[in-house]
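Next up is a structure, given as structure tokens.
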Amino acid sequence: MAEAILKCIDLNKDFGGIAATEHVDLELLPNEIHAVIGPNGAGKTTLISQLAGDLMPDSGQVLFEGRDITRMSSHKRSFLGLARSFQITSVFLEMSVRDNVALAAQAHQGHSFKFWKPTHNDESLTKPAMAILEKVGLAERKDLAASAMSHGERRQLEIAMALATKPKVLLLDEPMAGMGGEESAAMITTLKALKGENSMLLIEHDMDAVFALADRITVLVYGRVIATGSPSAIRNNKDVKHAYLGDT
Amino acid sequence: MDFSLFLIQFLNGLQLGVLLFLVASGLTLVFGIMDFINLAHGSLYMVGAFFCATFTFLTGSFLLAVLMAVPLAALVGYLVEIIVVRRLYHRDHLDHVLATFGLILCFDTTVQLIWGPAGVSIPLPDWLEGRVELLPGVVFPTFRLLIIGTGLTIAGMLYYVVNHTRLGMLIRAGASNRTMVSALGINIQSLFTLVFAMGAAMAGLAGMMVTPITEASIGMGNEIIILTFVVIIIGGIGSIKGAFVAAILVGLIDTLGRSYLDDLFKVFMSAQNAETSAPAISAMLIYILMASILAVRPQGLFPPKIR
Amino acid sequence: MVETRMNTLKNMTLTQGVVLALLCLFAVAPVLTEALDQSFFLSLATRVVILSIAAVSLNLILGYGGMVSFGHAAFIGIGAYAVGIPAYYEVYNGFYQIAIAIGVAALFALITGAISLRTKGVYFIMITMAFGQMAFYALVSIEEYGGDDGLVIETRSEFPNLLSIENNVVLYYVCFVFLLATIYLVHRIINSRFGMVVRGCKSNERRMQAVGYNTYLYKLTCYVIAGAICGFSGALLGNFTSFISPEMMDWTRSGELMFMIILGGTGSLFGPFIGTIFYLMIEEVLSDITIYWQLIFGALLILLVLFAPGGISGLLKKWEAK
């Protein structure tokens, strides 16, 4: 069995008496799509925040390629190869689509203490930005202000920005949040296409998407992992059915 | 070291601290509950002082003047809230700062219009003029003791209200979860107005108590607001307990610092150097304190928990 | 050739037209002053230009960087005293004075910024205000340099073998040139890689960190740059007014600076210039009408915040759209 590219061991996080994350063990294998599902309030976003470095766990470890990154700040994790998309769209609304991605790409092109040359027509930024926009199908919207995009397009932009940093691991927090049927289908296609090059940890509520994409699924309830396994194993798991999918 | 002088300065520091607490508690409550920065809070302090001064001249009694002026200060707070402040709750902090800065200009000029540019001083009533001998050889003005007493009493009352009454529960709940409180059917807007007016009354009272010692002047609001900000930053914005601890701390350090820093400096530098540098450093002392605390705890000493 | 020029004029937006007109007006201010024989024009214009430089520097961190600093006037004071204190010791060399102005301002910005930028939101606003006031009180308590009463300088900065700014018109043009240079500098900065990072921090700091930016470092650098520019404007101001006092650093002056950039419209290159012009003009006009002009001013600010948050630039853009 391949060594996990990202894993957390016995992760715990407490918020004023409420255990948001309790003894969570999770492994993300290389090139897999691993979905994390669970009812609302299960602590999924809290978990991703600890993996991404926005939140520090109370105890436990987060390991990336075997290296302990538990206390590492989020911007440093980006350089190791971790990228994240947010549940509530976090793009640069006043900037154009292309500038959004270019700014993300810029982060990994050395330091930005460069005060003179304009970025607008800098090919070393615009070329990679356009390449990524092609991948997510937003190339034609390049000059549109992000604030003028539809919700679904903005979610695509979220993914694009995560990709701009050439990550090894993508942590996606409900990429399909608020999307209708057509938009979701487009997103599923985009994510499927990324599978070869990236390992993905995916939080999602949309069950069709989860079962279409995931190689493995972990189920989180009230901060605890109650099951991990292949989609069919999860579908048939009694505890999961009871806690989440509902007894049929 | 002269112990009696130290005790007197200690009490002076306590007095300053208690006054700062009265002003700071309103400011920190308003921020904690309504997420609103009110730069003009110092103006409410100033307005209280001027009202009190006028009423003292009209009635001849300082005490009566205070009793009349406090509700009036609350009224001013109420008016400010309904006319300007409530329109800004949903805006960002920069807008709060700018609008209340505008309010300061309006208040300063209106006060000048009504009372003229010079300050107004009022004499202390005879029965408060005296001194009390606390310990053999240690004499402290009665009035300042009264200020400390009043301040601590109000701090105690505030503690009681916030922690043991229904109103206090609403205040604490409103601080952490506005939507929940409205969902309970409580009129959140009335709660806000009440808190704002309460804060204005306390700030006004502080202004009134300081007037016999110094005077009611137009610059007093702008001076106190900075100290108040330092207090609530150190204490943790939104926390009454923090405001109390920080206010006493700031009051003591500022007062004792100004008195004793040059002596302290003389221990390790020449008398001349000590005398030139001490005033400047003691003026900066509370800011250095603030910076040191923030370096370690950027949210202040007792930041309220946010859900 | 002429046709292209005409087309350029036609295609100019209302905002650009207004800015160009104002620039032309200011370029010939000394001439107008002579022609109309109103010496206070030049005086007012010089004040506008100098404070515009300060306002442009504040706009860099506030309008573009989202850092609401309420202690920016401290840098003006630092710059002014960097001229005043050497002059007190009869050192009039302008190069030294300006180096001190920029150096000390940058250092102050570095130290206070390093602490302040560890905080966010309200805390940041209040802390910058407190630090600004700290500088004010520090200077008030130094009796040697006048304390509360301030310092008067008899001789302006000297730039041996270069030029003399004793002449008010020369001083004016020096300031005007530096205003243009500052605006150009800010223009290059905000469109550079560094500038985009700073703007990204204003737009969505969490996202910036997620993609790998150490946002604290970039914001601090921006803060120091803005402080240095503002310190320079203070040196100019000290030369212009010849009377240097801690009042220049009071937090209410920081508030006025903010008022100027809000009036003009933040986040735009010429907004601070427009705002400063209107602010000082309105101040002039109103203070002639009544000594209670600040009451109207304060009310105006409140109305501005409530009903026209985009400032004058915002209004111009609205009219353009029509």
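A, B and C are the chain letters, set down in written order, and residue numbers restart from 1 in every chain.
Following the convention adopted for this analysis, contacts are C-beta pairs under 8 Å (C-beta built on N, C-alpha and C of every residue); 3 or more make two chains touch, one makes a residue touch a chain.
What you are looking at is a predicted structure, and each value in this text was computed from that prediction instead of being measured.
When every pair of chains is scored by its C-beta contact pairs, the maximum goes to B-C. Legend note: the chain whose CA centroid lies nearest the centroid of all displayed protein CA atoms is C.
One inter-chain figure worth recording: chain B and chain C are separated by 32 Å, centre to centre, where each centre is the mean of the chain's CA atoms.
With each centre defined as the average position of its C-alpha atoms, the distance from chain A to chain C rounds to 43 Å.
Centroids built from CA atoms put chain B at 48 Å from chain A. For chain C, the set of residues touching two or more other chains is empty.
Chain contact summary for the complex, chain C toward chain A: residues 188-189, 191-197, 199-200, 203-204, 206-215, 218, 221. Residues of chain A that touch chain C in their complex: 52, 54, 73-76, 78-79, 83-84, 86, 90-95, 99, 102-104, 106-108, 112-120, 122, 161-162, 164-165. Interface residues of chain C facing chain B in the complex, by the touch rule stated above, are 62, 68, 70, 112, 115, 118-119, 121-123, 125-127, 129-131, 133-134, 137-138, 140-144, 251-252, 255, 258-259, 262, 292-295, 297-302, 304-306, 309. Looking at the complex, you find that chain B touches chain C at residues 31, 37, 39, 84, 87-88, 91, 93-95, 97-99, 101-110, 112-113, 222, 226, 229-230, 232-233, 237, 276, 279-280, 282-284, 287-288, 290-291, 294-295, 298-300.
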